[in-house]
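Input: structures, listed below.
Next come two complexes, and both contain chain A; in the first it sits with chain B, in the second with chain C.
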Partner chain A sequence: MTDQAYNFAYLDEQTKRMIRRALLKAVAIPGYQVPFASREMPMPYGWGTGGVQVTAACLTPDDVLKVIDQGADDTTNAVSIRKFFQRTAGVEVTQSTALASVIQTRHRIPETALSAGQILVYQVPIPEPLRFLEPRETETRKMHELEEYGLMHVKLYEDIARHGQIATSYAYPVKVEGRYVMDPSPIPKFDNPKLSGSAALQLFGAGREQRIYALPPFTDVVSLDFDDHPFTPTKANHDCDLCGASASYLDEVIIDDQGSRMFVCSDTDFCETRREMGHVGRLGTPSNKGAQA
Partner chain B sequence: MKDGPVDALSGGFSAPSTQSAFAFRQILRALSEPGVIVDLEGASPPAPLSAAAGALALTLLDGGTPVHLAGSLDCAALRNWITFHCGAPLCDAGSAAFAFGTWADLAPFDRFAIGLADYPDRSVTLIVEVPQLSATGYRLRGPGIETQRFLSVPDAAPFQANRALFPQGFDAVFTCGNRLAGLPRTTIVEHA
Partner chain C sequence: MTLISTIAADRPLLHVDNLTKSYGGRVGCADVGFDLWPGEVLGIVGESGSGKSTLLSCLAGHMAPDQGTVVFETASGPRDVLSLSEPERRRLARTDWAYVHQNPRDGLRMGVSAGGNVGERLMAVGARHYGQIREKASDWLGRVEIDTGRIDDRPSAFSGGMQQRLQIARNLVTGPRLVFMDEPTGGLDVSVQARLLDLLRGLVRQMGLSVIIVTHDLAVVRLLADRLMVMKSGRVVEQGLTDQVLDDPQHAYTQLLVSSVLQV
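And now, the complex of A and B:
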């Protein structure tokens, strides 16, 4: 049911045109942050106002929308954004990665490989990868102009000097098509390899910081590293306790006062699909849905 | 296209919010997957503007986008149509955010905005009306293309010069009837 008090997908047409023009320039200059006139949305900053505006500008009535928060379809942020678009755009929603045409995500890339025609919209808190190294926008803009990215390598080097390895584990900086250094949003570095050569279009929206950037399909994205300290994606060294998956990104969950813990897939759709297929982990029980199907 | 005369007040979208949403997704696909030819329906602009270019104008132009009409497209009927439907100010080539014209009328391309070194997004998007559009001719490579695609662009040299300016440069779309293909500045155009 669409709420008729609002234009399709909430935003007015003038705003959508402005965001759409920014998206097209973002696609034409992969990794470059295009400024846009971000609007106040009916949710606080930090809840995905940038991603919501990008999704609103992209949605058509034929789309099937999936929203995830740290991989999960059933957490507050994901549920409220999904309901927002059900109400204002009347689009069909799904929890299945394969069935979705537009996926809005906070801090994860789905485990299931994305396919051509899908759009992945990231919610981005701080789009500028150099911001914590140089707070002045005038300076970071000049650094991007001059490809002056030495400071970022110094930061990674200091990681090695202090910890013996690159300790950055999320929002791990990448270089796009050999030109712009880009913040992939706070996804775990486990997900970084999926940024490169993806068949899907990847769009990034930062509402408070008023920036949009993009990776067209099959764009070359390289995680920054050193010859003697190559980039390595990491995950908890366990299998999923519910579905037994050995190669998915895991959340650690404390389950009693004695500090016992379990590791579960952060991607709930991936985990449930595996359990329905009959995979059972260390603490899991066979799925009812799978038995009925 | 509609039968009979098209005046400035007709030929727009009948359901702007959904039609522009569908049109934008096609344009987004064309520019993120260079060489893919998409269909763009719903607009009936006055001749000689194509339906696809008309739909793009209705989807992307407004009071914030100076528009340049080159050569034969710079006619009263089209000026009035764009002014009424989009409210976009008409301007010279150098200050245009969008420029419409045939390949011959738009040349030379170095008169258009290519953006600034620190703001390369402040560049023109050229809408090139071509007599035919097909997946043949020059080879395309680059972001958005897995291996290679082919597109019947009129010439490779201006795009090779444009590619050398990266990250500055212009972006182009080719329109023919109700069909549209994109060629952003990242695409490498070469002889097949």
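And now, the complex of A and C:
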């Protein structure tokens, strides 16, 4: 199964060592962006090259890997990355959040609460939260250094001035342990509260931008807001049409040419587990575990 | 000279001594020294290349001078500005100081609405209440004669004169005590210039601001400045009360400068 032409998990040991050193520094300074010598990976930038490198540096032969893309285990990005590690590392893979020891994710945090010992690896397109406010990288680094984060609130001010509320709905800026302002990668702001106090280790890798940052377990993470416009996580105001869950993040799916639509959990593992337990939504049918296997 | 001030006026607000900056072998400015008192407006005039902007950049901490001292009277006593650590200097620059650029595009965030531009300094010093920030921004737009209905427009939709007034509002919103201005009326036509000067004069008197204004336009300093410094080749050749210097210039260069003004 494993492709013997490659080192374990594709990257050579020296590269993994370099990445692990960056990871250690990132864990030591929560929210701080650590530069690292990002390698070219056999997939295009924007497909999770940063996350893949972090995962490769973390994997051991005993690990159980889960890869999700927008919460789903069966989308292109998730399938290709999972296959990549099956081929180059030969690790066991799973779709179950609870059984996985390393979870690489794009744009979601699983609904099921993570436990101690698990590692959640995020794919990050733009690690710099101040990027579109201050174009100079030298200046943004200085702003992080001196804790000058007033500009981040200018963005939220603009949101309220234009839309009457904070309209930023993903990649919502957070402050880590009262120090660094961090871009949590483009997760919906619904997931922001899950960043804080998580029992799992959370690692963020940006391949093109060559940055790694991290949240060690039980880190305090606060979403930025105004006193009179407090942070509110949002989701579609529906229940899941397949499993009936009322508190999970939903995808809206158009199902015919007349514009009928359904709302389904974006976390496929969460949805399937619930259906196996007998929950049924508006358009769902009772699950038959035997038929699925 | 007006003496409206909130702090004891027995010490100058800014004390500058022997300030020198050279670019390799070329002199930027040399051996400049002066005192600026609270509530005073100091004009610096001179031809292009005479070291006016170099001097202003050194004073405002944008550039490090080769020699000299700049002592600023902070709320907690006099401090040597040049020996401040960078965080302290940047804090000073967004609280007690303000810098009005010649080109408003350098001083404004063009992609952010007028209200956001004015509010930025407030948020930078810790304001976290949207309603209060907006109220203050709209108050300041009114004070610089910008229609408050345009609070959500971007500066790119404003005329040059409005952009300059917006920049002034953005700088004055945190109530600074010392304002640096680099050719604030450059590039504006005369009627807009007159209106801006009128506005500036009002704000300076009303807030008791101390201002260092660099310009090559003698009419501007005649209107605004209490005291005048004339620079030539990086050195101060003459200084004194504005009317005294302009009406009775002593140095040959000042005489030339005054006589070069076009009469209409």
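Everything that follows uses one rule, which is that the second predicted complex is superposed on the first by the 289 of 293 C-alpha atoms of A that agree within 3 Å, B and C clash if a C-alpha of one lies under 4 Å from a C-alpha of the other, contacts with A are read in each partner's own complex, and residues count from 1 in each chain.
Just so we're on the same page, a contact is a pair of C-beta atoms (placed from the backbone, for glycine too) under 8 Å apart; a residue touches a chain by one contact, two chains touch by 3 or more.
Worth saying up front: this structure is predicted, and the values here are computed from it rather than measured.
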Just checking: does A:22 make contact with chain B only, chain C only, both, or neither of them? Give me first, second, both or neither. first
Does chain A have more residues touched by chain B or by chain C? B
Answer with first, second, both or neither: which of chain B and chain C does A:244 touch in the superposed model? neither
In the overlaid three-chain picture, which partner chain does A:177 touch, first (chain B) or second (chain C), both, or neither? first
Look at A:233 in the shared chain and tell me whether it touches chain B only, chain C only, both, or neither; answer first, second, both or neither. neither
Okay, in this complex, where on chain B does chain A touch? 16-18, 20-22, 24-25, 27-29, 31-33, 59-62, 64-65, 97, 117-121, 123, 125, 143-146, 166-167, 171, 184-186
Chain A residues touching chain C - in the complex, by the definition given at the top: 133, 146, 148, 150-151, 153-154, 157-158, 160-162, 226-229
Residue ranges of chain A in contact with chain B within the complex: 7-9, 13-14, 16-18, 20-30, 32, 34-35, 57-62, 117, 141-142, 144-145, 177, 179-180, 199, 201, 214-220
Help me check something: in the complex, which residues belonging to chain C touch chain A? 86-87, 90, 109, 112-113, 115-116, 119-121, 123-126, 128-131, 133-134, 151-152
